[in-house]
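The structure's right below; bear with me while I get my questions together.
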Amino acid sequence: MQGIILFLLLASTYLMVIAKRMPALIRSFRYQSFFLFLVTFLAAFNEKVIELYVVSGMIILVKVFLIPYFLNLTAKKINLDENLGLFVNSQLSLVLALIFTYYSWVLSVNLGFGQGSLQSVAVTVAFSVIFIGAFMMISRMKAFTQVVGILIMENGIFLFASSASGGMPFFAEIAIFFDIFISVVIMGIFVFRINKLFTHIDVNKLSRLKG
Amino acid sequence: MAIFIILGIPLLLAAGALIIKRERLFGVINCLGYFVVLCFSIAIFKETVLAGHIRVLFNFIYLDLLSVVFILVTAIVAIAAALYSIAYIGKDIEQKIISGKKARFYYLLFNLFCFSMFCVPAVNNLGMLWVAIEMTTLISAFLVGFYNSKESVEAAWKYIIICSVGITFALLGTILFSYAFSISGLSKSLNWSDMVPVAHVLDKNILKIAFIFILVGYGTKAGLAPMHTWLPDAHSQAVAPISALLSGVLLKTAVYAILRFGIIIIKSGELTYFTHLMILFGVVSLVISSGFILIQKDLKRLLAYSSIEHIGIISIGFGLGSPLAIAGAILHVFNHAVTKSLMFFGAGNIVSVYKKHNMNSIRGVIKVMPFTGIMMLLGVFALTGFPPFSIFISEIMIIMAAFNNSSYFIAVLLLLFLAVIFSAFIFHFGKMLFGNLPKGMKIVGEPLSGKFVFLFLSFLICGVGIVLIFKYKDLLWLSQRLLQG
Amino acid sequence: MLNLLTNNLFLFDPLALFFLAVIFIVSLPSIVYSFSYLKGEYSTAKILLAQVLLLAFVLSMALVVSVSNCLIFLIFWEIMSLVSYFLVVFDTKQAKSIQAGLIYIVMTHIGTAFIIAAFMILHNYAHSFDFFAIKNACQAMPSQTKDIVFLLFLIGFGTKAGIVPLHIWLPYAHPQASSHISSIMSGVMIKTAIYGIIRFVMFILGVNSSWWGILVLILAVISCLVGVIYALMEHDIKRLLAYHSVENIGIILLGVGLAMFFTSLGLPYLAVFSLIAGLYHLINHAIFKGLLFLCAGSVYKATGTRDIEKLGGLIKKMPQTAAYFLLGAMAISALPPLNGFVSEWLTLQAFFLGAFNVIGGNKLFLGICAAMLALTSGLAAACFVKAFGVTFLAKPRSHYAESAKEVALPMRIGMLILAVLIVIFGLAAALIIKLLARVSGSTLGIDISSMTFSLNNFTLAPQTARNIYLSTPTLALWLLIFGIVGFVIYRIFGRGKSVIYKTWDCGYYKLDSRNEYTATAFSKPFRVAFSFFLLPYRKTQKIRESFYHIKSFSYETHTTKVFKKYIYDPVLAIVFKTAKAMRRIQLGSIHLYLGYIFITLLLLIIFIGQF
Amino acid sequence: MMIILQIILFILTAPLLSGLITKIKNNLRMRKGQSIIQPYYNLVKLFSKDEVISETASWIFRVTPFIVLSSTLAAAILIPVFIFASSAHHMGDFLALIFIFALGRFFLALSALDTGSSFGGMGASREMFISSLVEPALCMVIFAISLQFSSTDISAFSGMHAITVSSVVAAIALFLIVIAETSRIPIDNQETHLELTMVHEAMVLEYSGRSLALIEMASYIKQMIFFFLIAQLIFPIGGLPLGNFVQMLLWVLWCITRVVIIAITVALVEVSVAKMRLFRVADFLGFAFVLGVIATVCAILGV
């Protein structure tokens, strides 16, 4: 059961890699968050930890509804062309994504997770999500993608946290959630400002400060 | 209980910034507030030195020598910045650069920023540590983008994105630590004070990988090359007092975080691993920054790169790991904070008079504003490690430690690049401070509060340098206990 | 085990006292001089500042030579450099002085880096910075380490002293500082570097292998020749003097190097004797170079130019300054019976005596070094004939020199004091050498009670060789007598009378200053003879009216500064090139920046085994 | 007493030597030539003439003749003539000799610059050039000699001593140096007044009358001193045997002849070679220096 969810989660990440346009990206992020929620929820169900229920609740609240909604809102406010502007075209990105997955599998073995155990799969997926998120940030031009990229990475981290160390202490978890949400909001504000000042959000063109 | 006052006052002041409508008045109140904070942080420093460590609030706040040192540094730079803000913001309002409303906004952010930075050394839980550091980023992003010009917004964007990415890795590292802790069959907790005692039983392999994430993550925030790229942009665009806080304290808080994890690594018996990584990053930062300093054209960026250099020196110092080196490094944290704030304030004055960052069009500062000019001159020599100023002492300690560990290569690199950087600084500042002033430039006066903060800092620079030669023994004693937790 | 400070911070052994004496002997006249020199140059406040800096400078030097702890030494050493830097850039109006200050402070700082390294290595063995602790620890030090430390010290202090090829800052810094400062810098400050070499290499480290001495001797010889040859080519009087500082540092180091050499060969008397020679020349150079710089300052004050091609005929306008300069010039050209003569004689004698006592090829080596010293003194004499002759003699070459007046009283007093000292140190050699014997004896740790250096209070007489004597008083006396004799002959036998008339002009109707021999012309033979090293080149420019008639013809000749061109400029170029290349990693693309982070992370994880 | 005697002897005989050389040269050139005592006539004439002093000249110009003379005489009393050690040998040694000559030369060059005539400058420049190249060679020679006698005292090799290879080579080197020092062909030419060729003459061009006489005197004596040194080096001789009149006579005769021999050699050289360019002088003196080195090596090897 959990295996399937993890696989879907990875699949949704790959969807994001090949996404060329903004709405697609946000939609697949929503999927990813949803699967993350499922994973956490199952973990809560198995371990019968009340805190994990709350955490999963927060995931579905913040990551599945609030943040994508907010992103769409901003996207609508600044009526930008929806292309993400790829440095690396989607096919090659996919290849790289697979490489990252392999790499993270190696890493998970290094970290001493049992071969083939569900946990190792989870960790592999988590790491690959993180790396792919970072890769997205590097390889996409638009400011939005970078926001999304950070969110993806954070999803990966959550997955890792809940699957590997069985989640962090509760208040830390909450604080981190709060933090992430704030950061997204603030980034959104700056996206506004950039759009106002530069009349585009193509951060690749932001190169006044050099040397 | 002093810690609550230290944490509380900034919050109160932040609230006050919303209420009190008269900026100038509030500036003064601000200073008073931070003066109190300074007093209490000195008190708490004493207390901790005697008690070893303090835990309050169900072990949520945990203070040992390391943290109080950083609190003290923060307090000192904060009051300096508060003092300088009065003059600086006042001038900005006069020149209609910002409105009174925005000034109050500034003070609000200023206080929140300080609060978050005071939190970093105070908290015990590593997750909360992460949160605090992320908060510093989010708040200071606004202060970087304060003037809302194209450059400043670009800088702010780069700052927030790069630091968030870095910090995300740091979070991963933190979780790996907690994972290592949880699989060791002990209770599940992220409290540093719980982890340290059992550090030796944790899984080395996981710790190692975790530490890499930590080092890269917080290293980004600390401005270690090659993750330093946000730093010159942010520092050069921020409001002058904030530049001082950024390079004086913010970088150090990240270093503090690295050290917290580093101590666990050391305790788990992986000293050489820690040493190698720290020295590697330190040397890289030193080399890269020296290159950029040499050909820099923008005054504030120059100072920013010099911060990278000094962070490099500090991390080399901690990397060397002998008591002498650590004493040197801690001292360097303090000295660099003080000296660099002085330099940034001076740069702020210069820029506000000349209206330019470009050093080629800044000439004859000594003539235009004698006081600032002379202070800058002292600052330059202090910053580049000339006696009798304090940085000389800390650098000599680190070099000495390098020789004592008979890691001659590091020592030679240090000496070489310090010489290069020194030359570069004299090359730039010699032309800028002396030389004939450009046309239409006339002698200007400086406000008193500005002068006062300069005197305060220069007193610290000179005084510490001289005192420390004689208080050397105590310092070693402290530093020996520093990494014991 | 690690303590930075010990209880006794100061050490007043004979060596320190000697250097203190040198510092104050030169500084006091300069301070007297400075009062009226600065007047009219700057505003009152700035003059005050200048005087404060001057005092700080003297004080720091005094502390440098009298502390007994490496770290404190280092601190005062740096403070000394700092203050002198401020004094160099004091005249902030000129971009040249800023440039000079830059070169100076950078060079000296690099030197300091070497010194720091040496100190740290010593500290590793001694676990203390106290001189005597280190001295004791040095007994047990392996000789390779000693060699490294020696080299570090040599480079470090050599930079300050201006040993070729580390001398480039001198000709920039000395002319830019105001003259009394130059006189202190050149007279005393560079001597503190010699102090460093003597103190740390000879006194603390202890010479144990003979190649140290040989290396120092070779460097010294090179410095002598290069310094004096460059000086011959100079027309800026202060640069000329600065280059002579390089030369004289070379001569001093000849003495010091010989002392090292003989110590390592186990010839105590000769070691003491050579060190005496070195120290004697050191104090002499301090005196006459101080005087010469003060005179140059007076000339500059009176005429407003330092280019001797524009001067001339000043001996009639400012007779006293001229007399002092002549005295200084005679002393530096080692003419009897003045002090320069004594110390150069001693140095040469040290070579000869050494040659009598060493064996085989060393004899020849010493002989050739001695010959080079002789060449140096010959060239120096030529150079000062040029300097004095062109500056003070014949007709004024420009309006600068025509409007000159004798300088104010305090300046003349300052010069007078040093001039008197020159004569004293020339005539009272036998007495002074007794004192110096004590200094060098205590420095080398050799008991000198059994050694004699003089026959009586008038006559120097080295012990080791058969009746070698030098008695400047007698010589002076005879010179005087014969001079009078000559005068008497002149008066008695000469029946004709003296007529004042124009210089013979080959029938050309009016001879003026443009017919005089210029400094450039004077140094032409040397320029040609040493062209292999000076690489001279000329810029000629003809302005023609028609093909046949050339309206004006300008001709200037320059020499290539080989060390700057072939050592320093390339290095700088490389450094800047790399820096510029480095700049390319940061062109403002945030994606690139994120990439750095990501790649660093991946690499570190991949190579985790390496750490 | 000895010193006074020696000085008087030098003053009296030095011009004769110069006259002799001129005479020999003329005879070798198949001329009748002036009388040997012509130099005395010149001196007397000069003393009786008025002297013209340039209006641009300063006191330097006036004092120079006395300084030149006194320095030369001071050098003269260092030379042992009658006995082993000259009675003034406490005053200085061989090395002091170099510097004493330098004193005179220094002032001569200054006085040449003093008048502001371009001849003077030219002469001064060339003179200082040559002399500065002479010094290392001279030093090397002295080094060789003093190695042989293990002392830089001039008296050390007065008196009978073995004639070694080293001392012969040293003597040859010294001979070359003397040619340069006494401004003879091929370095310089005493007889010409052609501005391209003259060095010493150019320097003293502005001098006339008594001053010139003193300077001429000084140069005669200088020449004498150098001849004595060479003579003592290769034709060693004991001290004056007091008492027996015949022996004394023989001693004096030998003393004179050996100087004359050197004079003849100089004359031969002067008539047989042509004057060389100024810039070739470096090579010439370089050769002298090399000879000095060879002499040193011989001395080290003990041959």
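Per-chain residue numbering starts at 1, and chain names A, B, C and D are given in the order in which the chains are listed.
In this section, a residue touches a chain if its C-beta (ideal position, glycine included) is under 8 Å from a C-beta of that chain, and two chains touch if they have at least 3 such contacts.
Given the structure is predicted, the values throughout are model-derived calculations rather than measurements.
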item: Farthest-lying chain, centroid of Cα atoms versus that of chain D; value: A
item: Dominant chain pairing [most C-beta pairs in contact]; value: C-D
item: Centre-of-Cα separation between chain D and chain B, whole angstrom; value: 79
item: Centre distance in Å when chain B and chain C are each reduced to the mean of their C-alpha atoms; value: 45
item: Centre-of-Cα separation between chain B and chain A, whole angstrom; value: 31
item: Where chain A and chain D are represented by their mean Cα positions, the distance between them in whole Å; value: 101
item: Chain B: positions in contact with at least two other chains; value: 157-158, 161, 165, 209, 292, 295
item: Multi-chain contact sites of chain A, meaning residues that touch two or more partners; value: 107, 134, 137, 146, 203, 206, 208-209, 211
item: Per-residue multi-chain contacts in chain C, two or more chains; value: 583, 586, 590, 594, 597, 605
item: Chains touching one another, given as label pairs in label order; value: A-B, A-C, B-C, C-D
item: Interface residues, chain B side, partner chain C - complex; value: 157-158, 161-162, 165-166, 169, 208-209, 212-213, 215-216, 220, 226-227, 229-230, 272-273, 276-277, 280, 288, 291-292, 294-295, 324, 364, 366-367, 381, 386-388, 392, 396, 399-400, 403-404, 406, 411-412, 415-416, 418-420, 422-423, 426-427, 430-431, 434-436, 469-470, 472-473, 476
item: Residue ranges of chain A in contact with chain C within the complex; value: 87, 103, 107, 131, 134-135, 137-139, 141, 146, 203-204, 206-211
item: Residue ranges of chain C in contact with chain A within the complex; value: 583, 586-591, 594-595, 597-598, 602, 605
item: Contact footprint of chain B on chain A as seen in their complex; value: 107, 110-112, 130, 134, 137, 143, 146, 149-150, 153-154, 157, 160-161, 164-166, 168-169, 171-173, 175-176, 179, 182-183, 186-187, 190, 193-194, 197-198, 203, 206, 208-209, 211
item: List of chain D residues in touch with chain C within their complex; value: 47-60, 65-67, 69-71, 73-74, 77, 85, 88-93, 95-96, 98-100, 102-103, 105-106, 109-110, 113-118, 120-122, 124-126, 128-129, 131-140, 143-144, 146-147, 150-153, 155-156, 205-206, 209-211, 213-214, 278-279, 282, 289, 292-293, 296-297, 300
